[in-house]
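Below are two complexes that have subunit A in common, paired first with subunit B and then with subunit C.
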Partner chain A sequence: MDTIKNEVKEILNKYIFDKKIWTNAPENPRIILDLKINSARIVDIVLDVEEKYGIEIDDKALEKIITVEDVINTIKLKADK
Partner chain B sequence: MIANDIISFINIESKYRIASDKALKIIFHPDEYNLLNNYSQVLLSSLLWTCKESAYKIMMKNGFRRAFAPSLYCVSISASENSIFSGTVSYNNSHVCAYYSGVTDSFINTIAAVSKKSLPFIFHKIFSVNTSEEKDVRICNEISKSLNIPVSNIELKRNYWGIPELIIDGKKSNIEISLSNDASYISLAYLS
Partner chain C sequence: MTTEQKILSSLPYCEPFLFVDRITNINENSIAGSYTFNPESFFYKGHFKDKPVTPGVILLECMGQIGLVCFGIYLLNLHEKKTDFSIVLSNLESDFFKIVYPEETVFVHSEKMYLRNNILKCRIRLSDNNNETITTTIASCKFKLES
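Moving on to the complex of A and B:
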């Protein structure tokens, strides 16, 4: 779990302008609203996650991804299939 | 209800993967692939993105609380002339908004409203800022100028869902506002 969490943070960090934002972020930050990632980066994040874990994130799954935990849960769910 | 969205074309192909082949399945609704016969992929991906994100913002203002999944939104283009596009956006076959989009060499900017009749009444302006700190100050200055209200009486807030609210004289204003930012560009739209 921690490995996936660190890997997801690493992916997100590529698109975070101010890395210090993690310091004051909630425990389970919202990707766009709390980490201040430009929404146009959704495509980059989805493609990065798909390529790293060999999974496909469909539109219905994407619609449920608001927080960092949502990304981790989606990866676990898709990787288990 | 109104919304807007802007995407800068500067370095778009190296900056974002939004215009890549792999991004098509994330952005395009199945009914939109045929549009690739008429428009370049970079232009079309950017146009669809700004239209869909505008529709998403309108739905969020209306209480929708899911993440943005662009391929669930379907954009129709009813007219495209002189770098201006117009049409509608739907979600699950239900109308969300009408839009018009302006394209320049530097950016694409979309303005949307639930009712097409509202579109001509939306004030909008695009400007650029050098730093993100400058953003809200500049937005308040622009609103101050256009509404002829002292800038000291204007405050910009965002609620928990990131929806901007205009505070005038300490009270939440009836003026509906929408903001978008990409690279150094800020797109401001409001309906008073």
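Moving on to the complex of A and C:
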């Protein structure tokens, strides 16, 4: 779990302007509102995740991704199938 | 009307902020088009004083109007459906290589990287009459469709 979390954090960091934003972020940060990532970048993040984990995330699942936990849970769900 | 004409008439821009003259080629993967800069354009008066040069932001606007907006209208079939839509530029990363002077014609070639959830991301190249690169950019925009 922690490995996935760290890997997801690494992917997200590619799109975060100020990395210090993690310091004051809540336990389960919202990607757009708390990490200040542009909404269009969600697609880039999903593509990075798809490539890293060899999974496919459809547009419906993509729309439901709001928080960092959502990304982690989506990976776990798809990887289990 | 041809597909190209329908796309042009679907554009949400007009003078003095329309930077598309022609679409010369379009398919599911790419678009090509051109624009000739009018020496009377408003920005030449101030950029720069007595030395008119096309601003980089205007070059990017031209690339965006052809390479993202015209392309997105085609890919989402908005020129046929007559759906109301608006566009939000999401991000871009660019390199500039050459200066563009008034009256020059520029050529835009854009290749689709992805279109997902109405977000279009493209690799766009702007070139001159000699096919020399003026600007390259990777940019994305979001189409908001009225239901």
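A few points about this structure:
The rule is short, and it goes like this: the second predicted complex is superposed on the first by the 81 of 81 C-alpha atoms of A that agree within 3 Å, B and C clash if a C-alpha of one lies under 4 Å from a C-alpha of the other, contacts with A are read in each partner's own complex, and residues count from 1 in each chain.
Keep in mind that, in the parts below, contacts are C-beta pairs under 8 Å (C-beta built on N, C-alpha and C of every residue); 3 or more make two chains touch, one makes a residue touch a chain.
As the structure is a computational prediction, the values presented were derived from the model and not from experiment.
When the shared chain is aligned, subunit B and subunit C each come close enough to touch A:40.
Of the two partner chains placed around the shared chain by superposition, subunit B and subunit C are both touched by A:59.
With both structures placed on the common chain, the touch criterion links A:76 to neither subunit B nor subunit C.
For subunit A, the partner touching the most residues, choosing from subunit B and subunit C, is B. By the document's definition of touching, of the two partners only subunit B reaches A:32; subunit C does not.
When the shared chain is aligned, no partner comes close enough to touch A:14: not subunit B, not subunit C. Touched by subunit B in one complex and by subunit C in the other are residues 38-44, 46-47, 59, 62-63 of subunit A. Every residue of subunit A that touches subunit B in the complex is listed here, in rising order: 17, 32-33, 38-44, 46-47, 59-60, 62-66, 70. The touching residues of subunit C, counted against subunit A in their complex, run 90-91, 114, 116-117, 119, 121, 140-142.
Subunit A makes touch with subunit C in their complex at residues 38-44, 46-47, 59, 62-63.
Remark: subunit B residues 7, 16-18, 20, 22-23, 26-27, 49, 53, 66-72, 132, 160-162, 181-182 touch subunit A in the complex.
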